[in-house]
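In what follows, subunit A forms one complex with subunit B and a second complex with subunit C.
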Partner chain A sequence: MEGSGGFVDRRLADYVSLITDSLASQDGSAFAAALAINATNSYAETVSSCLDHTKDPARILKQVDKHAPLGEMLLHHTRAMQCYHQNRYVDAYNSLEKSANAFLQEYRNWESTWAMEALHVIVYALRTVGEMADREMAMNGKAPDKLKGAGSFLMKVFGAIQGKGPKRVGALYVTCQLFKIYFKLGTVHMCRSVIRSIDTSRFFDFEDFPAKDRVTYMYYTGRLEVFNDNVSAADRKLTYALERCDPFKKANIRMILKYLVPVRLALGVLPKESLLTKYNLSEYIDVVRALKRGDVRLLRRALKANENNFFRSGVYLVLEKLESHVYRRLLRKIYNIQKQRDPGRAHQVRMEVILKAMKWLEVDMDMDEVECSMAILIHKALMKGYFSHKSRVVVLSKQDPFPKLAGRQQQ
Partner chain B sequence: MATTATQDGAAATEEVKLDLFEDDDEFEEFENGEWDDKEEEDALQPWEDDWDDDDVNDDFSQQLRAELEKNDSKCAHRDANSSKFGHKEALHHNQVLGGGAGEPSMSSQDWH
Partner chain C sequence: EENKRRQTRSKRFENCKGGATVVKSFVKGRGGSASNRRASALKIALSCGDGNGQAVEDIDWDSLTIKGTCQEIEKRYLRLTSAPDPATVRPEEVLTKALKMVESTSKNYFYKCEQLKSIRQDLTVQRIRNELTVQVYEVHARAALEAGDLAEYNQCQTQLKTLYSEGISGCCNEFTAYSLLYIIFQNGSNRDLLSSIARLTPEAREDEAVKHSLAVRGAVALGNYIMFFRLYKTAPNLNFYLMDLYVERMRFEALRCMSRSYRPTLPLEVIARTLGFTNGAQADKDVLDECEEWVKAHGGQVVVDSASSERQFDAKASAATLFMPEPEDAVAHGDANLAVNDFLTRS
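Let's look at the complex of A and B:
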């Protein structure tokens, strides 16, 4: 925008005033809004055009030093805004990290938490601009490392605020941003140290953190429990997230359910089809039907049909283990069918009958494999009884041969 | 970016690389502010743990019963001429797998 240099200078000075005013009145929201880079109402475009035409931006920006030594920070931050607006994301990230570094050094000395929102805005920008910078690097044939760098920096931020003191309340947000980075990079093992810090804190009750951060935290740690096959812990955490999630955030509810459904299936609790349809999780519909019916063929088909989806989200192994539960249900059906015909002898199930059912369901098993499956069901206490190898018969307990599943720990 | 000649290759590499950057299930940011927890209990209600009953009147159970009752008197040994072993579907499946003309794959297994 060509024109009198003074006009552009004044606009930049106005921007600085925004910041100095917010510093003077300790207005956290205004300060945060001034620093936002990729939010909808960010000042990035305005600041960018100022910098394009201002002869000596440093002179104007350093006015802030009268209130707080953030002159250098603003120099880097406005440069980051300019690069961002010009779609130069690697440059934007580099300047942003310098800005964040300068800010953190100063912020450490501030006792009050009034500027926490601004810190979070910077943290969010580091992650999102870092992602864009990585994409830019990849497109230019370079090995991306900005998001990883953002992760390192965020650990520093976490370290600065997570100790004793009121700033700790903002630590869970930073934790969640770190989770997003690690999940994106596929380095989820790095979540461990922040989790330990949050879980074992002597200074803070988890419930004192903001609800939105607690929900996000439980969602990600719940997912980690799924990866580690800790079904009960996963159920607890994902349920916590589900119960407290903003009901209008349908996408987030869907994501929680995507992981919670397989976990609950493993615990013997089934979602109604209406729930799966409502939240667009139809890939689980046949899995649920298979469990209810005892239909091994349907389970295998459902797993095959959605293989890629289940693998990517990491729930495949949990679902695959459901096969035992389906066998159990099938056995129960056979038992009840026999009961209708001949109640006195129903508890004796001949192997060849089971084999017949397996064949019908296209399960390619021989007699020995059927015996093995039955042995596993008994061993897992999914079925009570014993089998006689010699007589080729499963003898079910006359009392409660199929103990109730619901809520039990998956084995 | 890339010239037309190498565009396909470059695009393919780019796609593979970008694929590595994704977490399909990244939680959306919450806007500031609280919300009413009890607004919608929807996602909490529709779960059932009483589905594991003894009812065998559903379609699947009826088909299963019919299947088990087939060839009941002959189930001690496999009749090579019997082509009625299982669903037509299962037959087709065996054929497709090249497992022989509808003969059950366990015919050679030990039965004693």
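Let's look at the complex of A and C:
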């Protein structure tokens, strides 16, 4: 019907005006808001219903070419919005990638950074719609590859803005989106090249990036250090993220703590139980108790009880190495007790005493295993002294037999 | 016979409209009815639709796959460079017999390996993917492990993973255990290891072989040599052969640990017992000799205690002199199986 057709055409033209206005006044937020797809106030639904009824959308959309050659981009972008609204995510992704490609080619030539927010909105949409498209493909029995494609495209975006020039300030956001994609796909080794580019920059100081992006970046790179068992590097990065994280963003703090707590435990720093309950990290409570008590059985039980969780998040390897720390604690307790009873001979700890303590803790270990654990403690410098096999005695150093752990790299 | 084939071939071209290319068919073989079946399947495929032929997935590939007719149980391996002649390919029943032959033969690994490769090839060209295929790869993987042929083992393991994931049954727990050990000992990434473990099903985790592998992983992570060598002695299936890859390194790490923590000395007997030089019983003179030789080869110093005339590992002195020697069988290209001397002495 002519009447409703004209009405729909006008609504689409209004949408185009939104965009042309933002282009004319270089209003980054307005431009970004117009292009957003899966945000709460997005125009996806409006645009979608326009496209359903408009006879010739291209004619209306090409109006934008008077301000900037984005006509083709808008054609693909509105198509993406329509597909998204109709829950056809694979089609939405395909159109979105075409739109993003067209936009990037134009954006490359823009000197100023006023449209960075819009670029970020598109990047975010590529990742999230890519994820939904993969799910759709999997449900239809096809091997998913859209998120992977989003990753390749984002690398192109990264390459376009990370060089010399004011646009570099937006590169860290793109890096973080790439991290999220690689972690989701399980291809974390691909993070290496972007990390190298950020870390070895000649053009930029890391502190000049927006705080939010720096926190996210340190969170992900900290997690990578945890995977690779680099405890002190992980501590540095995750602590950086924690210190700058918005204190009201409880969920984010929890995510950082999930990895920081095991790392700190490996450095001999124990959190208060109240902290663990506040941030819903009860899986670490027994681990901390085991460390305080020197109770190996409790540690092993705690690890077993949350096995799947710890393996999936990758902290298992850091946690299991805490066994040495638990033995250290036990030895220290025995030493302190002996010091009270007979200070002169306290530094000599007989094997029978250790074995008795183990039995009391219901840990099933024989002489050979206990000797081995002691040898490892000394070898890792968690305990200073030596072991005399003949007399079956651990002889502790008279000075500082249990050197401080903090700052020591786990071996 | 030849005329018949020519006729069916020309009939195919007749019904072909538009530039449809003829699918390469293995027409050289005998077995007339089989080639007729193929020809008609091809005809149908090409004549349906709009002259461009149907989608690839809709062609009846099963009728186009060759069915072998060869009856030889023993067959040398010749890598295929073109479509095979069905007369040289063995059907499934013959391959089953061939596998049994390989399993019971007393000939050496090179022979078995070649025969198995040949069986694998016959299975592949006939697109047979079932329990027999799984058995063949399992037999080959086990033989490769026993012979120390890690490259071949890894190839078979990769194939098995895919086959198991397609739901074909086999000894998947046994091979899950091998796969875990392989990642640990070939310096696989932590991430690979963690995700493999996270993906284990609850019943896989209860399997003895898998439990053993996980325990080995734990022992290696903590540097617990006592546990490692106890697990070495009780290794199920062929876990032993994979642990063998790490024994030298574990022993050296243990020796280093002992040299830093024991003072002044440690009886050699203890080292022999705890580092897997014996089978659990007390170490006799031969075992002690072997142990002493190994310790010395790594820069360790052994003294004789004057009072008990017991051999002792001098921990204090050795701490500074331990080193990891170059492997004896190191060859320039790194694969000891290809060493010339080794080749000449093989039967």
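In this section, the second predicted complex is superposed on the first by the 408 of 411 C-alpha atoms of A that agree within 3 Å, B and C clash if a C-alpha of one lies under 4 Å from a C-alpha of the other, contacts with A are read in each partner's own complex, and residues count from 1 in each chain.
We adopt the following convention: contacts are C-beta pairs under 8 Å (C-beta built on N, C-alpha and C of every residue); 3 or more make two chains touch, one makes a residue touch a chain.
This is a predicted model, so every value here is computed, not measured.
When both complexes are overlaid on subunit A, subunit B and subunit C end up sitting side by side without clashing.
Of the two partner chains placed around the shared chain by superposition, subunit C is the only one that A:Ser324 touches, whereas subunit B remains out of contact. Once chain A of one complex is fitted onto chain A of the other, the partner contacts of A:Asp134 are limited to subunit B, with no touch recorded for subunit C. When the shared chain is aligned, subunit C comes close enough to touch A:Met374, but subunit B does not. Of the two partner chains, subunit B is the only one touched by A:Gly294; subunit C is not. Of the two partner chains, subunit C is the only one touched by A:Asp229; subunit B is not.
Of the two partner chains placed by superposition, A:Ala58 touches none, neither subunit B nor subunit C. When both complexes are overlaid on chain A, the residue A:His389 reaches subunit C alone and has no touch with subunit B. Within the superposed three-chain model, A:Tyr316 lies in touch with subunit C and out of touch with subunit B [touch as defined at top]. Of the two partner chains placed by the overlay, subunit B and subunit C both lie in contact with A:Gly186. Put simply, more of the residues of subunit A are touched by B, taking subunit B and subunit C as the two choices.
The superposed model places subunit B and subunit C at 70 degrees from each other around the C-alpha centre of subunit A, with the value given to the nearest 10. Remark: least CA distance from subunit B to subunit C after fitting both complexes onto chain A is 10 Å.
Across the two superposed structures, the residue set of subunit A contacted by subunit B and also by subunit C is 186, 312, 368.
Of all residues in subunit C, only 189-191, 194-195, 197-198, 218, 221-227, 256-258, 260-263, 265-267, 270, 274 touch subunit A in the complex they form.
Those residues of subunit B that touch subunit A in the complex are listed here as 1, 14, 17-18, 20-30, 32, 34-37, 39-40, 42-44, 46-52, 54-56, 58, 60-61, 64-65, 67-68, 75-76, 85-87, 89-90, 93, 104-106, 109-111.
Only residues 117, 124, 131, 134-135, 138-139, 144, 176, 180, 183-184, 186, 211-212, 215-216, 219-220, 223, 242-244, 246-249, 251-253, 255, 257-259, 264, 268-272, 274-275, 278-279, 291-295, 312-313, 329-330, 332-334, 336-337, 340, 352-353, 355-357, 359-360, 362, 364-368, 402, 404-407 of subunit A touch subunit B when the two sit together in their complex.
By the touch criterion given at the top, residues 186, 188-189, 227-229, 308, 311-312, 314, 316-317, 320-321, 323-324, 368-369, 372-379, 386-389, 395 of subunit A touch subunit C in their complex.
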